[in-house]
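A, B, C, D, E, F, G and H label the chains in the order they appear, each numbered from 1.
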Amino acid sequence: MDDILQALEAGELSAEQAKVKLTSYDNLGFAKVDRQRQERTGFPEVVYGEGKTADEIIRIFRSLKEHSEVLLATRIDEEKGRKIVEVHDDCTFDERSGTVYKKKPLEDTEHYIAVVCAGTSDLAVAEEAAITAEVFGVRVERVYDVGVAGLHRLLGEIERIRAARVSIVVAGMEGALPSVVGGLVAHPVLAVPTSVGYGANFGGVSALLSMLNSCSSGISVVNIDNGFGAAYNAVMIEKMAGS
Amino acid sequence: MDDILQALEAGELSAEQAKVKLTSYDNLGFAKVDRQRQERTGFPEVVYGEGKTADEIIRIFRSLKEHSEVLLATRIDEEKGRKIVEVHDDCTFDERSGTVYKKKPLEDTEHYIAVVCAGTSDLAVAEEAAITAEVFGVRVERVYDVGVAGLHRLLGEIERIRAARVSIVVAGMEGALPSVVGGLVAHPVLAVPTSVGYGANFGGVSALLSMLNSCSSGISVVNIDNGFGAAYNAVMIEKMAGS
Amino acid sequence: MDDILQALEAGELSAEQAKVKLTSYDNLGFAKVDRQRQERTGFPEVVYGEGKTADEIIRIFRSLKEHSEVLLATRIDEEKGRKIVEVHDDCTFDERSGTVYKKKPLEDTEHYIAVVCAGTSDLAVAEEAAITAEVFGVRVERVYDVGVAGLHRLLGEIERIRAARVSIVVAGMEGALPSVVGGLVAHPVLAVPTSVGYGANFGGVSALLSMLNSCSSGISVVNIDNGFGAAYNAVMIEKMAGS
Amino acid sequence: MDDILQALEAGELSAEQAKVKLTSYDNLGFAKVDRQRQERTGFPEVVYGEGKTADEIIRIFRSLKEHSEVLLATRIDEEKGRKIVEVHDDCTFDERSGTVYKKKPLEDTEHYIAVVCAGTSDLAVAEEAAITAEVFGVRVERVYDVGVAGLHRLLGEIERIRAARVSIVVAGMEGALPSVVGGLVAHPVLAVPTSVGYGANFGGVSALLSMLNSCSSGISVVNIDNGFGAAYNAVMIEKMAGS
Amino acid sequence: MDDILQALEAGELSAEQAKVKLTSYDNLGFAKVDRQRQERTGFPEVVYGEGKTADEIIRIFRSLKEHSEVLLATRIDEEKGRKIVEVHDDCTFDERSGTVYKKKPLEDTEHYIAVVCAGTSDLAVAEEAAITAEVFGVRVERVYDVGVAGLHRLLGEIERIRAARVSIVVAGMEGALPSVVGGLVAHPVLAVPTSVGYGANFGGVSALLSMLNSCSSGISVVNIDNGFGAAYNAVMIEKMAGS
Amino acid sequence: MDDILQALEAGELSAEQAKVKLTSYDNLGFAKVDRQRQERTGFPEVVYGEGKTADEIIRIFRSLKEHSEVLLATRIDEEKGRKIVEVHDDCTFDERSGTVYKKKPLEDTEHYIAVVCAGTSDLAVAEEAAITAEVFGVRVERVYDVGVAGLHRLLGEIERIRAARVSIVVAGMEGALPSVVGGLVAHPVLAVPTSVGYGANFGGVSALLSMLNSCSSGISVVNIDNGFGAAYNAVMIEKMAGS
Amino acid sequence: MDDILQALEAGELSAEQAKVKLTSYDNLGFAKVDRQRQERTGFPEVVYGEGKTADEIIRIFRSLKEHSEVLLATRIDEEKGRKIVEVHDDCTFDERSGTVYKKKPLEDTEHYIAVVCAGTSDLAVAEEAAITAEVFGVRVERVYDVGVAGLHRLLGEIERIRAARVSIVVAGMEGALPSVVGGLVAHPVLAVPTSVGYGANFGGVSALLSMLNSCSSGISVVNIDNGFGAAYNAVMIEKMAGS
Amino acid sequence: MDDILQALEAGELSAEQAKVKLTSYDNLGFAKVDRQRQERTGFPEVVYGEGKTADEIIRIFRSLKEHSEVLLATRIDEEKGRKIVEVHDDCTFDERSGTVYKKKPLEDTEHYIAVVCAGTSDLAVAEEAAITAEVFGVRVERVYDVGVAGLHRLLGEIERIRAARVSIVVAGMEGALPSVVGGLVAHPVLAVPTSVGYGANFGGVSALLSMLNSCSSGISVVNIDNGFGAAYNAVMIEKMAGS
């Protein structure tokens, strides 16, 4: 803002131009696409698919392609997914995680984010997180099917988790998992409660509370099923740590 | 009931006597004391102290002593406790757990119940459980200050827990503890959520939900802070297993 | 663990082999099957069917058959159930409880678990419990359609319940049932709230709270609709009691 | 209203007088005392004591005495109670139920309301109900200390409850009690949840839900701790049934 | 019970016969039909249709017809309803209330129950209540489409409500209605919250709380959508009041 | 009321006519249509479509047309909408907001209500509000797709919002939006939480709480998804402010 | 903002001055006092007393007096209140509402805000609202002790409420009051739930839900006990309507 | 673990020594102090003061001093705080945040964590976070008294927040603050809900939900009032980013 005000003061910008600077997006009518987001934040704009038609997402992708090499849409069901990749055939649709994306090849690196989950029922959210991180250019190690009820499985993988710079731990019925992982590693853990479960799970609330009350330090929590949000955070931290 | 009906049919009991059989308690006015509980269930009647005056508990103890060698009152605050043990000087008042009790010496045995808890804040409930079991004649091993955030402490004690026939796991902020213990032992685990904690613990509800959603099999749950109830269950199981 | 460490110290195991010992499962890609569970815990691994395809369950069963004479999968809908028993024709699909199983004939015994429920709406969960116990080799007595609103029905069956060593009481709208049963028997009661009901039942929460607040001692609770979990606990207790 | 409109039409009342008719109360400044309530509804106005000073209640009683032989104030703590009966020395203060009242002697009658409760902790609410009914001129039978965990006690008193025309069942931790009573009697049952209890009782919500979900027909529920409200209902029903 | 015990003592009954007396129902396998309920309580047994097949209800009706002139099944959807009345063609299926019933003609009487509701969305529950009362032999006046937001409509009908001996007030979004009615009548009001509504209604919880917190005395509440339960209570009260 | 009473006193009205005056609606059997609402309140009666058939709405519209130039029905799904506009072809069906309406042309005016929302997922509710206001004769400015996560978009539109006399701010996941808008404008803000969102949004409860706890003064809240209610309030305020 | 940007462009302001313009407050160290709030919004800054010491409030008042003739602090307990008026002796402390204030004499006007409440327990919140409105220069009519359970009292005052331009309806146990008032007046109603009550009131949540679900149009809601917020809204609307 | 196993295999460690390695803590009887935590995780052990006596904390500090130059205890009330610093006079007691600590002087650095909060009521939690970070050796910038209702204050400080590498945003009534900050910065934001507030804040739950539902990416949440936990996370991220 300082830059814009100074440019304005110096007469390098008109008041009108200053206003545009603060509001540069592409108005598609049904949505305003933020073309300069990547430049401003280092992250491309991601399309949240719920409540948007396939057509709308196709048009948003078209607009985004002018400024971004990578693309990501989340919460896409099968029907929409098929339609989108028919038009944007350089994109991939992943049914399990409900994402459509276009990645760049990752550079070779020893640094990675660990995405950890306990059960097959948490895979959708775990994959949303993993694919998001990869689209944002970060290497991911998937550590799946490790739960506290079978602690030996988790201990068998713990070195792979410890070597990560950030962990994302996805859990529904195994709400205890982030606590246990958090007590075994020395890096930040992002916990993602999932809505899967039965009985008194209440759409993920039980897992959420369990994670918030964790006694392990170094754990923070994102919203239920929000694999994307966890990945966004993890990527921010990973990029800050440098290569 | 069959016995009573048959005795009645056989003329060994009058209808009046049959009625008394079903309703044998000592009416103290403010409370009906169940004198034959021990005979009927194998367990002495325990006094729930909340809402009763010291005087009332003293009188109930007097009535119970006619039929029982052991005594237990729970939820007793310091003032009441002091008054009760002044009169019943063969009883002990334990401030931390809020219990007044009279135990019999335990027989020598290799079998025991493990009472496990994570933090100092759960000690009151853990001790209510431990003392209850001891009053009921069962040996207890206390495994305190072991939590999932410092898994090595728990693993350092796991053999002592495994050797028990039943475990009581008491946890407030460490709602994950029963899941982890349950995954490491092959005997029944009774989980007791505690109301201690801060933030989104909601007086123990978070721990309660965490325990109910545990993926480890072999775990069942009692009410928040109900150390007595867990011990009652554990003793039942332990006694069933024989010596 | 001690054994493995000592064997390692004695040179009988390499560090690599010690690691394998702690992590022995069959990696099918989509799931890690725990082949040695029965040996370690005395219980076979049970397949939780929700979120798994029929194909995946068929392959897990194949892997489990190498180590186990009995099989159990829960939360199986009709379509999956039909497919599984087509391939594994030594298994039975029970639609009401949503289970696929293979039992061994039970030995003749006077000892049993009572599975008690009030209404037809609780039958699915009650049967999940009953079948689980039978697959695990324990005799079950079913005491169905007894509720507190018609106390005479319950009293008419009470001797059959009393003679059990453990009771599982399944209840949705009749949340009071475990309290009443618990007051009439002298053995452990496992209460299972069910999500069936209407009005302010909140998917079983009302029954759950009712059970947790029971004044009868000797009751512990498992998660809503978790008939399997109750049976697992009951079998543990029953087996501990010996034959 | 018809009467007033017709009198107005007939010129027997002015519009102003008609207005007064609809709004006849005594304006004390801090409260409007409804002097004609008893005439209109058959019930005297009862003072809800919470948030009112002793002085205010003393003045309201003075105003009410002009039209009513009986008086009742609820939710009165000890200090206020003492002050009120100092001035109104024909009134009695009952500390346990927090009421100040003046009754008329009851006529001799076989008809009564049963007030049933399980534990000593529910006595305050039970007594608020019992005293209210007596102030309103109805005989009460108190059936206290009967709970579902000790069913024989309840069965020992069931005939006394059955003989009532209405029952008020007060319960906190014994939320099941109204269900069981409701299944054993053939008259209306008013259930009052109480806020006493521990663990997951949530200030009476657990008992409230338990009562709402009761499968016994013939049960309706009033607010938590609202002994007065239950008695008001019961008295209405009792009076309707005639003598 | 006394009678049975005395008959037993007198040798008029064997112990076996006494047992049968307490447990007289018709065991259909999937359900136990209580043939003597009407004799015992004055009310016929009503079939709760949820979770039962059309066939099962048809068979229960057959069994009930042996002892009862009237029949009622609630929570019946259209498909089941059609099947039942095909077989039991003396029964009527009412789609709106989801009931199948057979009534007796009502005797001529000035006494009635008022069933009051505000909106068209509460009609299903109101009709369940009205039909239940009629099947149980009580006259009903329906006062529909009166709500507090248009107070003049309610005041226009208030005399018809006042003349009833009991009112059932059904309300979802108009949770205030029972309070207002309760303040205008001098007879018992049974309030039924309904699950219909939008926004922060939470499946009827908002209406339920509103009703429980009503300041009008003489109101009691049944479970959400439980029109049947309200009618059962109302009929009990009405019958007690005599003709 | 005064007028009616005085007319009655003066003999200008009979008691019967006075009664009619208070209760003037058109009884269609299934609903009472309030023909004089517009005259009485200045607002036409609006049809709440949920739970009504297309036929019923068509008949209500016919009755309303006798007294009103404008028409509005809310919560109309596509099928019903099509049917209604087939018969009432001077009406428009708007699928997104689920409304059928007939507007009058707006007079030219500089005054307007701003309807503000953040995401495409809140459009349905925002449009219900906007169309309602327009049917009631008030100009609306739509300020859509502005959210706090992209504050520059909101600041780019803030002058358009500031120039309104009332704002309606609709938000689900962006519960913070009304707080931020409320801090930037000097006119009343009506906040509408929406049920759209995922994770711990709980059908709009999260947004509702966020709005209630707003620190900005000048904000009040209507029920979740109640765009109509917000518009009704806003129009009242707008009309009070004059032209 | 436009003005500042244009002034900056025109060289009338430096970038530094522009920044100051946007951030003009008085930094007292423990709080930033917004001196230009009145000029910007037409309302003086009000001090929220909770969590501030008497000394801090005294200093904030001193700072505010430089720009404002009127003063208001809310949530002030007795001790703080006494201290503040000792120093600022032109201020009044009102204990019931917990406010310290300095008003200007009101101009003579026929326009007013009605503040309506049902019980003595709601007076604190009602007075916070009334005093706030008066400090902001608006006439208030207090209509207290009118509730739906005694509808005649409310109807006796309805004309006084109808004549207001806005109503504030404060209610705890009488959650129905705003619905009923809303149905009887043709101006905006601001509903304030209060935390006073007993049983299932949940600190005002029950009243809050009741108000949100009101079927009367023209009602909006502020936070529990937020009398100040309601008054702030009402004053905005009142001022917009002109004199 | 690998190291220990290999050392054991190589005979460099005995099985006994290996066990000690995994369980190295100082057993004080009432607590096990983890002496090697700093070595293992890079962070000193922090004492959670709730439920511990001053004496116990004094002894734990003594034990910790053998391995750590810095000390921190949280949740310390005034009385305990005074006692601890009397003995450990190199420590400071900060009453507002309830912490006792001993810091090392910070190295000169341009990198810092921003701790942001809106109101004076959030200061305690904000200071717990700030002091924790400083004890752990990280520079902190405090940005207090900036809230969304006065957006200009926040915008006036935004550059200072943007220049941080991580932000901790503490908010109770201003639950919207993290969303707004998150949308204005390009680094990770840790949101801390606080339990301060009134009305429908529910001890911080409202703020918690608001934060979880934030639409700004890059936000994660810790438990209510858990300033320590947020700081622990922030320090981890900050240290990972390097100097």
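What we mean here is this: a contact is a pair of C-beta atoms (placed from the backbone, for glycine too) under 8 Å apart; a residue touches a chain by one contact, two chains touch by 3 or more.
Just so it is clear, the model here is predicted, and its values are computed rather than measured.
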item	value
Centroid comparison with chain B (C-alpha atoms), farthest chain	F
Which of C-E and E-G has more C-beta pairs touching across its chains	E-G
Taking each chain's C-alpha mean as its centre, the one farthest from chain E	H
Centre-to-centre distance between chain F and chain C (centres being mean Cα positions), rounded to whole Å	53
Centre-of-Cα separation between chain F and chain D, whole angstrom	43
Chain C-chain D separation of Cα centroids, rounded to whole Å	47
Centroid distance [mean C-alpha coordinates] between chain C and chain A, Å	37
Numbers and ranges of chain G residues touching at least 2 other chains	2, 19, 119, 150, 155, 199-200, 205, 208, 212-213, 217, 223-224
Residues of chain A touching chain F in the complex	19, 22-23, 25, 30-32, 34, 50-52, 75, 195, 204-205, 208, 223-226
Interfacial residue positions of chain H with respect to chain G in the complex	119-121, 145, 150, 152-153, 155-156, 196, 198-200
Chain F residues touching chain H - in the complex, by the definition given at the top	118-119, 147-151, 173-176, 179-180, 182-184, 197, 199-202, 205-207, 209-210, 212-217
Of all residues in chain G, those that touch chain F in their complex	1-2, 40-43, 46, 155, 158-159, 165, 186-188, 190, 208, 212-213, 217-224, 228-230, 232-233, 236-237, 240-242
